[in-house]
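Next come two complexes built around subunit A: one with subunit B, the other with subunit C.
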Partner chain A sequence: MRPFTPLLTVSCAPHVHCGRTTRSMMLETLVVLIPTVILAVINYGLPALRVMALAGASAVAVEALCARIMERENETDDLHGLLTGLLLAFLLPASAPWWLVVAGSAACIILGKAIFGGIGGSPLCAPCVGWAVLSISWPELMDTELTLLSANFAAPLHQLKHFGFMAVEDMPLLDALLGRQIGGLGAVQVLPLLLAGLWLMIRGHIKPLIPVGFFLGVILASLCFHLPGPDEYAPPLFHLVTGGTVLAAFFLATDNGSSPVFPIGVLLYGLLAGVMLILIRVWGVYPDGAPFAVLLANLAAPLLDRIRPHPFGTRKEAA
Partner chain B sequence: MIKMWKEFSKGLWKELPPFRLVLGLCPVLAVTKTADGGLGMGLAVVFVLTLSNLLVSLVRKIVPPKVRIACYIVIAASLVVAVELLMQAFAYTLYQKLGIFVSLIVVNCIILGRAEAFASKNPPHLSVADGLGMGLGFTLSLTFLGALREIFGYGTLFGVPVMGTSFKPFSFMIEAPGAFVCLGMLLGAMNYFTNLQRRRKGLAPRGNPAHECGSCGLCQGGK
Partner chain C sequence: MKSNVFSLRAELADSIVDVPVSNSLHVFIGGYEMLVKKGAKVQRGQALAVHPRPDVGLANAPVSGKVSSLDFAYLSIKAGKDGDPVEPIDLESLAPGEELNQGLHDLGISVGRIREAETLVINGLNPQPSVTIAEQLLRDEAETISLGLSLVRKAINPKRCVLAAGTGSYRLEGCTTQVVKPVYPNSLPPMVLKAVTGKEVPESTVGFSVHKLWQIGHVLRTGRAIDETVFTLNGGNYRARIGTPLVDILDFANVEIHPGDRLVLSGPMTGYSVFNVEHGIEKNVFSVNVVPKNAYPPMEDRPCINCGECVLHCPARLQPNLIARYAEYGMFERARECGLDACMECGLCSYWCPALRPMQHYIGFAKQQLHPQSGNAPTGWMH
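Now for the complex of A and B:
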């Protein structure tokens, strides 16, 4: 008997697509992050590589475990778990002990992804969740200045916080761009992150308005402080090249599941995150609050999504 | 007697107040930083809940329906003041630890909920059994949650170190977000075990509540 071959195949809506998959997007993001990884290893040595490898591996392992417990399909091969682990490692100090890294990865995947139903379901950016849990629990181990005393780099944000802008005025810009500053091990490699972010923006993997709004927010908010008090508060350029600003703008805030969809909302979201970043740096207790700024903006995303274009062909409702 | 046991035992698992009915969450989140805080709060609730159920049940036929809520509040408030005075007299450190949350038992949903849903419709002996069961379930839940948070957050249980010297306290658990995360995880675990039991009996596991389009309102449900 001949096998039954249907004449017409019936399937769900998108019938033509460009071939872009989650896996290919994540893979491209990982590839463009390779220069950052290399520079991090050059600046911080092998401990940095250890933290990154451990974070990536444990994130994937925890994700597979969650899929097993929740009886879902194991989707670790879409590489999102690996990227989440790597981005978390970028926020950690290179001296982080192994259990801190594993706990952070587990918090990222469980609290930031798995319990919301996997990729795209989380209202919060997963690496930021892990970072927040760690820095609330073990602040003494997450304090990059305290744990990296042996490194002979400057700690611009800590000095800015404690001694005002005068203390860091003569810090060379190139040092900051090439990651010769103390902070999260990948977050401070500003130049390769900037190039990688621009590449993703050109390729259309991230919404360009988010980094634009983010930088605009940082510039405007820091000008508000810098113009009246130039000795005490840092100028916009300093805030852009120190700490995790670039990482947050291009890689954390642009997480597709937790950022708004429509243009005006996206711009406001970026602005909000950028302004929050400066407010945390100036008034908060944390020297660099980039992940907290992103988390706060994430919480506003559902509200910002209510600002949306008028549907085509419908009448405006009478108010 | 069997009926009394039935009313008593339903509060222990089937209608466990904070985890099944999800009532009285304010103290559940606020006072469970340590196990003894949870236990003390739970015992205060047992006292108030049992007596308020008894009194409400006794007066259920003479109170006009229009003013019943006010009557329940008066009864609960008098009992709470009694508990507060007793605590100040005999357990002052615990009183200081629980602070405002002792007085807030008055407006705890469980007290009003049991008065309205059970005691106002049932005879006194059943109401007392119900109050005792619910209170005990509440106490056990609070103590369990408190113990969990204390073990991970401080490395101690009822003030006794249990995690060894190399343990670095996981302070997230004793902060406010840790309370929410912990409660959510416990609810998830309870549902997981319920489904495991159902599967063992050959029943279909209970699914997640269906998300109806109306609950979000972003797109007016396709209208």
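Now for the complex of A and C:
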């Protein structure tokens, strides 16, 4: 007689896993955003911390409430709600009143996530939805230049919009990289965002072709304006380091549910978002408009995902 | 980053170790029609059960003895003295075609793919990561494989014979060796056939694993039904009688198993888990793995998050996320329109899924609903 028979676990194949879960992906993204948070606090002081904390907390609270109302399992522990709130805060001015922040978080979670059935279901990038609702509803409070008059920084995109490129030509590159410019409180911390984005790209958390296409789109489109009119229109580098370009390229456009999957579609999607960003900055009423560019590209994502290969062994039949 | 996880290369050290014959063997006969009753005396090689599908080989007694218990899944044999030996079948003397196939079938070999073809492909790649049996067989059992190959070649009558292997150092008589990058999922039958023929739907091509050739060589040499299998366990390769309880094999190999672990047969990527350590090893099993309880996050019943990881890793260029969702909600025809039938069931979609969805299970479920008759055959590795 054998001493004991172990009670085994049965499961369907495969019996191994890469170990990467939704939660661990969100956690890693949050961790790599910590330098950005710190630089935002250094540049904008405690008001920035207040907005980020409030946005994160209210996003999680709204998500929990939505789960309750919809009689679904509370899945806030996957940290996606927290990340959404933080990314929204990155787009807001540091001076945003508390109710604006809460309204934005609620819009993100309800309109950008919950009504589509939770994480990944939304055809639009959730933080951009929240930002769009706020900027259309309360434009004067969302205008970073008006609300941050007390800050000593330049407002490169506003000056570009109103006075042309000559007015901002002498802005030091380092100032822009280190976030000494007026804009969304986290979006302008370009250098830490860039490093964080590259880290996620190397680790395979985001599809590399999205930021590549995005930057390519920004460069090509801005060159089209800058080469014929160098005095009026800014060169590519200016557009890359000001406003929310880097944040949009690495963190907003790469939102998994709302971006295409197959390589060609992904590249076109990135290009489209990048080109839209420049078009909005040049011809639109918004000085920055990075979230709008992402939203517009999101709308094209399902169409772009139709550019897909034939399944294995069916190529001949289809031709 | 994780590419080495899928490497199919093997560092072979020892030769194949024989597991001693247990006193009591449990032959899995789920889905078979029984030919013997409880209490019957059986001889080694005697037919025990027949599968309703004519191309699936018989279940034969791996040892002489008495049928001590019999239920819907297992036939247990208590080993006893040999009586009159079963008349050996001389496969060499049988004419290729019906006659030879019947002979192989009676010796427990499935003959579904033994028919004339222009190209014969031998899959010499290790089937899955951590499984080294293919290279071990090519190195140590080349004689048996060649024997099996000679018979298969007679039956198939190919113009071209190719051995697909991870390195160019393996040779089989009369075959050209083609090196295929030894990385999973390149070892899957459709991938191997594509690598060799250059076509995704090759005409008049059949593939066999070296494990299958070894089986055929084995029955050809002994004239007795297949009663052994060779498999990888914990880095080494073993040979055991069919029906040997897994617990005996684990004890013999000094592999510990604890409550809550998973006992997986035929590879960690596509294999199946058994619920009891007394389960007898089956003839097509090429690997035994013990997966510790908390080694990997368990699968969950969560909705898809549309991350696209499965799409990016699918070797069949499918959208497993869509197919799995259609299958989950019973929309099997829609799943088929999305290319369900091209799925190779490699398991990579579930491996990468951060939402921990049982993707491969949903896909297999849809396939079974659409083709109910195909679910019954014993599964294996290009068997």
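Convention: the second predicted complex is superposed on the first by the 299 of 319 C-alpha atoms of A that agree within 3 Å, B and C clash if a C-alpha of one lies under 4 Å from a C-alpha of the other, contacts with A are read in each partner's own complex, and residues count from 1 in each chain.
By definition in this document, a contact is a pair of C-beta atoms (placed from the backbone, for glycine too) under 8 Å apart; a residue touches a chain by one contact, two chains touch by 3 or more.
Model, not experiment: these values are computed from the prediction.
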| item | value |
| --- | --- |
| Superposed model, subunit A: greater residue contact from subunit B or subunit C | C |
| First (subunit B), second (subunit C), both or neither touched by A:Val285 | neither |
| Subunit B versus subunit C as contact partner of A:Leu46, first or second or both or neither | neither |
| Partner chain in contact with A:Met25 - subunit B first, subunit C second, else both or neither | second |
| Partner chain(s) touched by A:Val133 [first = subunit B, second = subunit C, both, neither] | first |
| Touched partner set for A:Ile115, first subunit B, second subunit C, both or neither | first |
| Subunit B/subunit C common contact set on subunit A | none |
| Subunit A-facing residues of subunit B, complex | 168-173, 175, 177, 181, 184, 188, 218 |
| Parts of subunit C lying in touch with subunit A, wherever the complex brings them together | 1-2, 5, 190, 200-201, 247, 257-264, 268-278, 289, 291, 293, 295-299, 302-308, 311-312, 315-319, 338-339, 342, 344-345, 347-348, 350-356, 358, 360-361, 364 |
| Of subunit A, residues touching subunit C in the complex | 2, 5-22, 24-25, 75, 117-121, 203-204, 207, 256-257, 261-262, 308-316 |
| Contacting residues of subunit A [partner subunit B, same complex] | 103, 111, 115, 133, 136-138, 141, 305-306 |
